[in-house]
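Each in structure tokens, the structures are laid out below.
There are two complexes below, and they share chain A, which is joined by chain B in the first and by chain C in the second.
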Partner chain A sequence: MSFADYLGQRWPVIGVLAVQHAEMVLIAVAVAAAIGVGVGIVVEGHPRASRVALNITGTMLTIPSFALFGLLIPVLGLGAPPAIAALVLYAIFPVLRNTVTGLASVPGAVEDAARGMGLSRWARLRLVRLPLAWPVVLTGVRVATIMTVAIAAIAAGVSGPGLGQLIFGGLARIGGANALNDALAGTLGVAVLALALDLLFVALSRLTTSRGLG
Partner chain B sequence: MTLTAQREESTRLSALGVLTTPALVVVAGAALLAYLRGQPLDAIERRSINVQVVLARLTEHLELVGLSTLLVIAIAVPLGVLLTRPRLRRLIPAVLAVANIGQAVPTIGVLVLLAVVVGIGTREALVALVLCSALPVLRNTMVGLQGIDRALIDAGRGIGLSRATVLLRVELPLAVPVMLAGLRVALILNVGSATLATFTNAGGLGDLINTGIVLNRTPILLTGSVLTALLALTIDWLVSLAEHVLRPRGL
Partner chain C sequence: MISGDVMIRLDRVSKHYPGQPAPAVAELSLDVPAGEIVVLLGPSGCGKTTTLRLINRLIEPSAGRILVDGEDVTRVDPDRLRRRIGYVIQQVGLFPHMTVAENIGLVPRALGWDRARIRARVDELLDLVGLSPETYRRRYPKHLSGGEQQRVGVARALAADPPVMLMDEPFGAIDPITRERLQDELLDLQARIRKTIVLVTHDVAEAVKLGDRIALFEPHARLAQYDRPAAILAEPANDFVASFVGSGAALRGLRLERVGALALEPVEVVRPGAAAVDRSARAVLLDDAGRPVRWASAGSRGAAGVAVVRTEDSVYDALDAMVRARDDAALVLDAHGDPVGALSWSTVVRRHPAGDSSPAPSFGDAR
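Let's look at the complex of A and B:
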């Protein structure tokens, strides 16, 4: 079967796996974004705390994904939970780093003006500093998403969901019909999903950036 | 091909920072040993968790990482140098665009595609590793060389050095810090990708992780996972030291 015929016949299955893949990634990134932005707000302005937080989350990126999945299996079992947890751990660093950088790059004069208007610390953060840092924060979330889309392909190695199942399915059927088509569809599917999510973030960034910043 | 963008800036060394990683590795290694001592291992577990098997997997892993990294340096550095020469320089945006799309392709996919098309084994796994980790070295070589002040190159030419000498004595030494950062990313990527080589019969520590999953044996799974993580941390630490030592004086 040619790849085009294969796609024509299997697109419902591939579509379901792609949606699973996107779900897994977006859940993980949403959790990581909440943690990353939260921790970023707490440590920003304290260089030592920032460095420690960035070092710890940055070190997570050094740990090979298959090993991290493996470390989480005894705790969380097989399937989606260890995969999502591992993706969260990887995705925190880009968000945290960009939150710290974004908040630190808000000009002091703007902050002073907000203080002069009588805004409380919390109001300054919510009304002035976060909106100004938002494009940078969102870039961090975007980097985290693209990165985790590729890592999530390995989730199928721990019985997890997603497009990785096609890749591992092709591996299991080497020599058989459609082994190549499966592997190709899984691999290209991941790349296409990454590019689609990338575009989604470009659009999101346009829509949510404060007018006057863009 | 995942963390290329993350760790391009090399970190400054501090006494505490230098000692944190080895301390962590020793503590985690000791914890693993203590855990295995306290665990009554059955016959299947003893077959995977013994010194010969673990050392054999570790050796395979190190061979995969070492060879793929050497190949990446041998391929990506000359290619990066070529692409920054005046005649080929206009190709750089196209190369970077292709490379960035390539970043979205998962390593396991490349590994499996090669296994399906070419065959399984160590050689094919090496090719996949090289394909997936060449990008950061290539990009950082180009970025490092392009970031050099033109005036320095002109000065080199002005005092009568040939183009080749300027490249070897001026441009490459100045680009070393950026190139080393790319190499560090490539090494870490290779340590991670090599754990996936088990899926195409190329061995490595991923073998233990996969055996642990397939046979549902937590001690084997943990031994493989912890050793892989510690190996990655150790290699990253060694490269960070090397970055510090190899950085040309005066930069």
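Let's look at the complex of A and C:
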């Protein structure tokens, strides 16, 4: 069966897996973004705390993904939970790093003016510092998303959902019927999904960034 | 020394930074009268900016009391205090992600004003600082020139109509021509709104021009002299003050005197085709539109036309006009543009006030 015929026949299944894949990624990134931005706000301005937080989350990235998925099985079992948990651990670092960088890059004069006009700490964060850091924070979330789309394919190794199932299944049966097509469809699907989410973030960034910036 | 209401009183205020042997500010006492511009002047590192930031508690004093409008503000909530004090800094610090209107309306928003009131206030303030609301309301800071940004900065500081404004080298980063204009605008503005303004600068000319009073700091925030600008220029309290206000002090003092306050010599007006009648007086030839053309009398030989000043101009301007016209006298016009007399070089140098035949007090004379 040619790849075109294969796609024509199997697209409903591929579509379902792609949606599962995207769901898994977006849930993980949403959780990671909440943690990353939250921790970023807390540690920003405290160089030692920032360094510790960045070192810990950065170290996560050095753990091979297959190993991390496996390590989480005893804790969370098989399927989506260990997959999402592992993805969260990977996705925190880019969000946290960009939050710290973004908040630190707010010009001193702007901060001084905001304090001088009597904005409270919370009001400064909400009205001035986070909006100014926003484009950088969003870039961090975008990087985390793209990275996570790729890593999520490995989640099939712990019976996680998503396009990884096609890749793992295909590679396990290599030589068999449609084995190559499965692997190819999974790989291309991951690439297309990453591209689509990237474009989504470009649009989101345009829509949510003040015209006064950039 | 100070009459009238005191708006800001620093009472033996000190600021020590841990690990630094000398205090940044030591036992400073200073009264700022309501409705005046007090300039904190001094060399870099003299503590003038620290002193300014003590008033709105961006820097917390180590000792002493600070009273604003009679209330000891060292005990109140600093954010609420700052909403009652306008704050303008050299780098302006406009919020780049907000429009001009949002920048100006931020403090009113924080104070819970309704939208219609904020909108009206924003337009009023833009008018006040000379920016057309229709043009500027929706612009972002990056689309404004330095001068426009600082005007918006001043408008933002005035948003909640605070009685006090603190300005930290507000025109320091602006080109000289725009700086002059902004200084003039600030004086115009102040004539209308009568705020109590504390302004930091290291520029003597700016201090003399803007200040009702000048507080001159020596290094380590020691107050060297606190007085009217004319008095500081004429009678420096010590060698430090004398050297800081510099060799041009006598000339600078002339900026503070109006031409109309000096004795003028009579001037005869000669229309085209007529001859001067009184040979002893100066005579000026006017053209058909009533504009001065040249001196008609002998003895005055302005090589570059007639030096013309108005009664409300400063004596410094009059000297400048004379030097430019290469003449030893300037024709003085009143507010309607009619000649009222001539100011001679020697009158300026000897400083005869109008209606007084004795020499003026020796203020500003070269020593």
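Miscellaneous remarks
Basically, the second predicted complex is superposed on the first by the 213 of 214 C-alpha atoms of A that agree within 3 Å, B and C clash if a C-alpha of one lies under 4 Å from a C-alpha of the other, contacts with A are read in each partner's own complex, and residues count from 1 in each chain.
Simple rule for what comes next: a contact is a pair of C-beta atoms (placed from the backbone, for glycine too) under 8 Å apart; a residue touches a chain by one contact, two chains touch by 3 or more.
Everything numeric in this text was worked out from a predicted model, so none of it was measured.
Partners chain B and chain C, brought together by superposition on chain A, fit side by side with no clash. When the two complexes are overlaid on their common chain A, residue A:Val128 makes contact with chain C while staying clear of chain B.
With both structures placed on the common chain, the touch criterion links A:Met117 to chain C but leaves chain B unconnected. Once the two complexes are overlaid on the shared chain, A:Leu61 sits against chain B while remaining clear of chain C.
Touch criterion not met for A:Ser2: it reaches neither chain B nor chain C.
A count of residues in chain A touched by chain B and by chain C gives the higher number to B. In the superposed model, A:Ala109 makes contact with chain C only, not with chain B.
Between the Cα centres of chain B and chain C, as seen from that of chain A, there is an angle of 110°, stated in steps of 10.
Of the two partner chains placed by the overlay, only chain B lies in contact with A:Ala153; chain C stays clear of it.
Once the two complexes are overlaid on the shared chain, A:Ser210 sits against chain C while remaining clear of chain B. This overlay, made by fitting chain A, leaves chain B and chain C with a least C-alpha separation of 26 Å. On chain A, the surface touched by chain B in one complex and the surface touched by chain C in the other have no residue in common. By the touch criterion given at the top, residues 55, 58-59, 61-68, 70-71, 73-74, 78, 90, 93-94, 143, 146-147, 149-151, 153-154, 157-158, 164, 167-168, 170-171, 174, 179-180, 183-184, 186-187, 190-191, 194-195, 198 of chain A touch chain B in their complex. Looking at the complex, you find that chain B touches chain A at residues 1-3, 5-7, 17, 20, 101, 103-110, 112-113, 115-117, 120, 188, 191-196, 199-200, 205-206, 209-210, 212-213, 218, 221-222, 224-226, 228-229, 232-233, 236. Interface residues of chain C facing chain A in the complex, by the touch rule stated above, are 56, 58, 78-85, 87, 89-99, 106-107, 110, 140-142, 153, 156-157, 166. On chain A, the positions that touch chain C within their shared complex are 107, 109-120, 123, 127-128, 131-132, 210-213.
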